[in-house]
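Multiple structures are listed underneath, in structure tokens.
Presented sequentially are two complexes of subunit A, the first with subunit B as partner and the second with subunit C.
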Partner chain A sequence: MPSRILARLGPAQIGSAALLCAVAFVWTTPFLWMVVAAFRPESGGSRDMASLLPPLQPTLANFVLAFESADFALYYLNTLLVVSGILAVQLVTISLAGYAFARLEFAGKDILFTLFLLQLMLVPPILVVPNLTTVVRLGIYDSLLGVMAPYLASAFGTFLMRQTFKTIPRDYEEAALLDGARWWQVLWHVLLPLARPGLVAFSIVSVAAHWNEFLWPLMVVNAPEKRTLTVGLASFAAGAEGGQEWGLLAAGTLLVALPLVVAFLAFQRQFIDSFMFSGVKG
Partner chain B sequence: MTRMIGTLAAAVAVTLLAAPASAATKIEFFFPVPVEGKLAREMANIAKRFNAEQSDVEVVAVYTGNYDETKIKAQAAMQAGKPPAVALVSANFVLEFKLNDQIVPLDPFLAAEGTNKDAFLADFWPALRANATVDGKLYAIPYQNSTPLLYYNADLFKAAGLDPEKPPQNWAQLIDYATKLTKKDSERWGLMMPSEYDYLGWLISAFTMANGGSYYNSSYGGEVYYDQPSTLGAVRFWDDAVHKYRVMPEGVTDQKAVSSSFFAGNAAMVILSTGTLSFVRENAKFNYKVGFVPGNLRNAVPIGGGSLVTFKGLPEDQRKAAWTFMKWLSSPEQLGSWSRFTGYFAPRQSAYALPEMKAFTAQNPDALIAVQQLQYAQPWFATFNTVAVRKAMEDEVQAVLSGKKKPEAAVKDAQRKADEIMLPYVQSTALTVGTGG
Partner chain C sequence: MPAISATAEHPAAARWRQPLAVVQARPYLLLAPSLIFLVLFTFFPIIEVAFASLFRTAYGQRSGSFVGLDNYLRVLQDGAFRNAVLNNLLYAVGTIVPSLVIALGLALLLNESSRFKAAIRALVFLPTLIPLVAAAALFSFIFLPGIGLLDHFLAKLGLRGFNWLGDPDIALASLSVLTVWKNAGYYMLFYLAGLQAIPSDLGEAAKLDGASAWQRLRHVTLPLLAPTTGFVAVIALINVLTAVDHIVVLTKGGPNGATNLLLYYIYQNANEFYDLGKASAATVISVALLLALSLLGLKGLEGGAARAE
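Coming up: the complex of A and B.
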């Protein structure tokens, strides 16, 4: 019973709840606006485009137009391929590299690890030309593989896995080694299951980042049938000299963002647990 | 689950390996979408039409973001050894591409066909020629062009006792009309103009030219005239419209806000690109009219828009194919059809003599006003490092519009910054002559 709950709360708690609601409202305003605008009938130059009130007569016309404007099914597939391809390879490379930095002893380990971390300091745009040159030399320009290539290893992921492995007591491994397990069996059967929260947290960050990426896919891909969602969305929503078709833009953006939003809502609890465990912030 | 992975793997294989076998020379055409989304679809149709009409060249139309992203992509692709055969670039980037030695002159193609630059350009509107040529050679073909244009709400004119057939002719009238059309408490602005990056520089140069000035040296990329009286007067006009007469909103206004306010009846007069004309025609729910941008000492507007260029380092067959496509794209028929679709004006004068074009302008006489204004058009701002030099001025004018700076100090600071940015170029060109190194 809400009234009984309210009665038990002190004014300080009610105050902080109200404050939290206000902050939550501010944070969700762009999203609310997008949903409302996506269902609003086109109003000729967007007279009420700034309104957050739901339209009296919601329409799906904007979505129909969005689907006509761009081949969304194909763009979803391309984005899915890129995101899952990157993640699949990343999980292997960061686990192995993380294990090496956490457990193995070799000359120059610390210098190598510092160099690895230094990559995190580079701003992606300055790498566009060198990366593009490499991609052309590898013969994977204008392909989805080219979009994935620079991300197949991840400095951030390696760092995260190294830290995660380091928190796991060596006793487990030693027990396995006594039983005759090889290093890769230890990694697969002992360390990785214990490091799951770290892997999940990294996966979320990786998927969200590559799902939303725009500049690099725009640089690598030429053929229209290889566009990812972000590039496809921009190809019909960008405007400079004309006015903006706000409804269409909102509908398209909603279509691009929806899968991630749904996934987040569905796995909210696991996500939060993983982040709490691994100390990663999105 | 395994099956799903199998399907995905198959899809990867298909997407990664698919390459149609064809004898035609395949070339890439980079294009930005500067107006709105349906243009991207139309551009794909144009490429399809070209591919169907002949069998020697196969064009792949590649959407490349906005003008700035197109520039980044074209330059990155070129450095990576994959130059695009043809790209539609902002007309004022042509100079910079040439100074960076990234595009090739088109004169050899013309010579091979027994003609020359002057004969080829004769059909193009005179104002467009300067931005297409560098050091006497032709580097670009104008494709979609615009100028600023005055749009006004005729219903509000009538309500304010003004004659809707007579738009303001000069700055004094512009202020006078705007004052009559403004309603207190920001309910309605008499005049609105975009002041975001790019648009602001374009419009300030328009006002400078209308004030008798030059804004920049159109034949040398190392000089701008930001602190000259004609430019100062232009910045003062904007400042006065905001802070003295209060007919224009304070601060930085982007073009979407300007067009939305115009459609909502919250702005009586706006100055926007002619490229917006189709959009206004489709969305204005009142009687709108268009007129020339009012002059002060003279009528003058800069051109804007995009031109076709071809990049350096192409294999011979692609080089030839690029020219074939550029020539086809810039025929009067193609330019006319693109102009009708977009609202840009057609860069070739002969395009307006075609029957389809005559029928169109008869139905939409406002499209002709934009063309008539071309007699007053001037070339578009282009220097060494164009964008940075442009922003040096825009940052200062935005400070003026926000009430943080006075026009006199602003133009001086803008000039100083611009000079610093152009210094390397100036030192390696104009200042090296006769100094013996």
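Coming up: the complex of A and C.
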């Protein structure tokens, strides 16, 4: 049967399919190794550590050891707090600002919008040095709030919400306003439900960006119990590497990378659309 | 844009319910929460860092002594800074060119929708989603000399003896491999979108005129994808200037400065050498660079949008 399929395809198609399979294999190899090594019993000698064959007797020992040698549960909690804290505040700030830019006329609108656009270009990592000074001055150094602070407003989100609101016909709100609704009731009951796709797209990008963020939390957080997943993983990986415990390293990395990967596999379309939106944000 | 914009106060009903001053203040109140944070963490820091770059401040001190452009001189005369700029340049070329070629190639191969192609698209995109720190942790084993994943397979081909991250001649190239692996799938998405926007009759017309597949790619597809390429190149440039997590985890700028990049240099001066003046001057230089690149990017974005309409 495979030969019949092959016969129907031209050599170019077979060639491109083979090329794609090769690329896919190379691209997945690091993940494949991570999963295999994480579930492989520690063999003592690390000679076959690079093997990509699944272990005959999979074990959770590496994960148990990972949870014992680093406080991953706490790191998860910290990252969840940071990611959800940022998102919750952002959704409010971007909805309000996006509404103002999409629907209201006011003096200085263009200048303010340009100021917002400027932040779209100046991605925060480059400002770590002055932002650290600000965070120290505000008294939120070495706190999760300090990790969240620079991201509570989002020019990208504002821009996205402005575009989303603009696609919604005004008839809906005008009908509501004539019925006696106030502007915030219109925003809450009419515009935001219709802007759901924009809100979802922004949420995915925001969560992914801050789940993965490293340099800023590394600089702001000092106390081990305030570490986020990425900061915790970096020091955990250094330890595992020093001890040549590659199975342990693989297990720890898997723990950190897994949630987003699983979410992606479940909501592929959503993720891809959102990430294409995020281009400007980098 | 409608000539008369119907704002929230447009219907008469809403107008007489509230004093005019409240209605007029509303937009500013709505923008205030965002503006407070933008001022605190984007606009003020730029002024602050420009100001700090003119002072020499001992760590922990509140105010330093005014030194004019001395910090800039010190940065520009610093061999490590020039080295970081040069490395950043090499790293930019060594990651952006292969990433874009691979992204475009994959997009061309994966353009039609089928279950097989959707699966490959997802697999190639996957590295975008994991933290750069996690990618670095995986690559610490991949690049491990002798027993690591790469050497394990190369040994089967009879190639051995590389020290991927320890040899100053190839360490930056090794890190570039990680970066290409991590980002090519993301850039592919933009090329896929760009290809979708090209009307299929253009390619078919060229085909009828007897153009070969290569000619069609070279003279029809690539020129039409130019705005996409410009846009993706800028995203990639910004990435090259702002992502150094893998340097922190894998090489700390070493060996012998071979993988030191601009942002890592800034981080080092601020966090390890406590030389805020130098860190600030280098930040100002980077911000100027980033702004210039981003303006180019916006131009590209406008070009892309204009084409899409």
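Throughout what follows, the second predicted complex is superposed on the first by the 219 of 282 C-alpha atoms of A that agree within 3 Å, B and C clash if a C-alpha of one lies under 4 Å from a C-alpha of the other, contacts with A are read in each partner's own complex, and residues count from 1 in each chain.
Please note the rule applied: contacts are C-beta pairs under 8 Å (C-beta built on N, C-alpha and C of every residue); 3 or more make two chains touch, one makes a residue touch a chain.
Small disclaimer: the values here were computed from a predicted structure and weren't measured.
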Going by the contact rule set out at the top, does A:V35 touch subunit B (first), subunit C (second), both, or neither? neither
Could you say whether A:A234 touches subunit B, subunit C, both of them, or neither, answering first, second, both or neither? both
Just subunit B (first), just subunit C (second), both, or neither: which does A:I168 touch? neither
First (subunit B), second (subunit C), both or neither: which does A:A209 touch? neither
Given the touch rule stated above, what does A:V123 touch, subunit B (first), subunit C (second), both, or neither? second
Name the contact category of A:L112: first (subunit B only), second (subunit C only), both, or neither. second
Looking at the overlay, what does A:L194 touch: subunit B (first), subunit C (second), both, or neither? neither
See if subunit A has more residues touched by subunit B or by subunit C, and give me that chain. C
Looking at the overlay, what does A:A257 touch: subunit B (first), subunit C (second), both, or neither? second
On the A-aligned overlay, A:A61 touches which partner chain: subunit B = first, subunit C = second, or both, or neither? neither
Looking at subunit A, which of its residues have contacts with both subunit B and subunit C? 46-47, 49, 128-129, 132-133, 215, 218-219, 234, 237-238, 241
Over in the complex, which subunit A residues touch subunit B? Could you list them? 44-47, 49, 69, 77-78, 80-81, 84-85, 128-129, 132-133, 135-136, 141, 143-145, 215, 218-219, 222-227, 231, 234-245, 248
Once bound in the complex, which stretches of subunit B touch subunit A? 8, 11-12, 15-16, 18, 28, 32-38, 40-41, 44, 60-67, 69, 72-73, 76-77, 79-82, 146, 198, 255-256, 259-260, 262-264, 272-273, 275-276, 278-279, 282-285, 343
Hey, which residues of subunit C end up touching subunit A in the complex? 5-8, 10-11, 13-14, 17, 24, 26-28, 30-31, 33-38, 40-46, 48-49, 52, 106, 109-110, 116-120, 122-142, 144, 147-149, 151-153, 181, 185-186, 189-190, 193, 231, 235, 238-239, 241-245, 248-249, 263, 266-267, 270-271, 276, 279-280, 283, 286-287, 290-291, 294-295, 297-298, 301
Per the touch rule, the subunit A residues reaching subunit C in their complex are 16-17, 19-20, 23-24, 27-31, 33-34, 37, 46-47, 49-51, 92-94, 96-97, 99-100, 103-106, 109, 112, 115-134, 138, 149-150, 152-155, 158, 170, 173-174, 177-178, 180, 182-183, 186, 208, 211-215, 218-219, 229-230, 233-234, 237-238, 241, 246, 249-250, 252-253, 256-257, 260-261, 264-265, 268, 271-272, 275-276, 279-280, 282
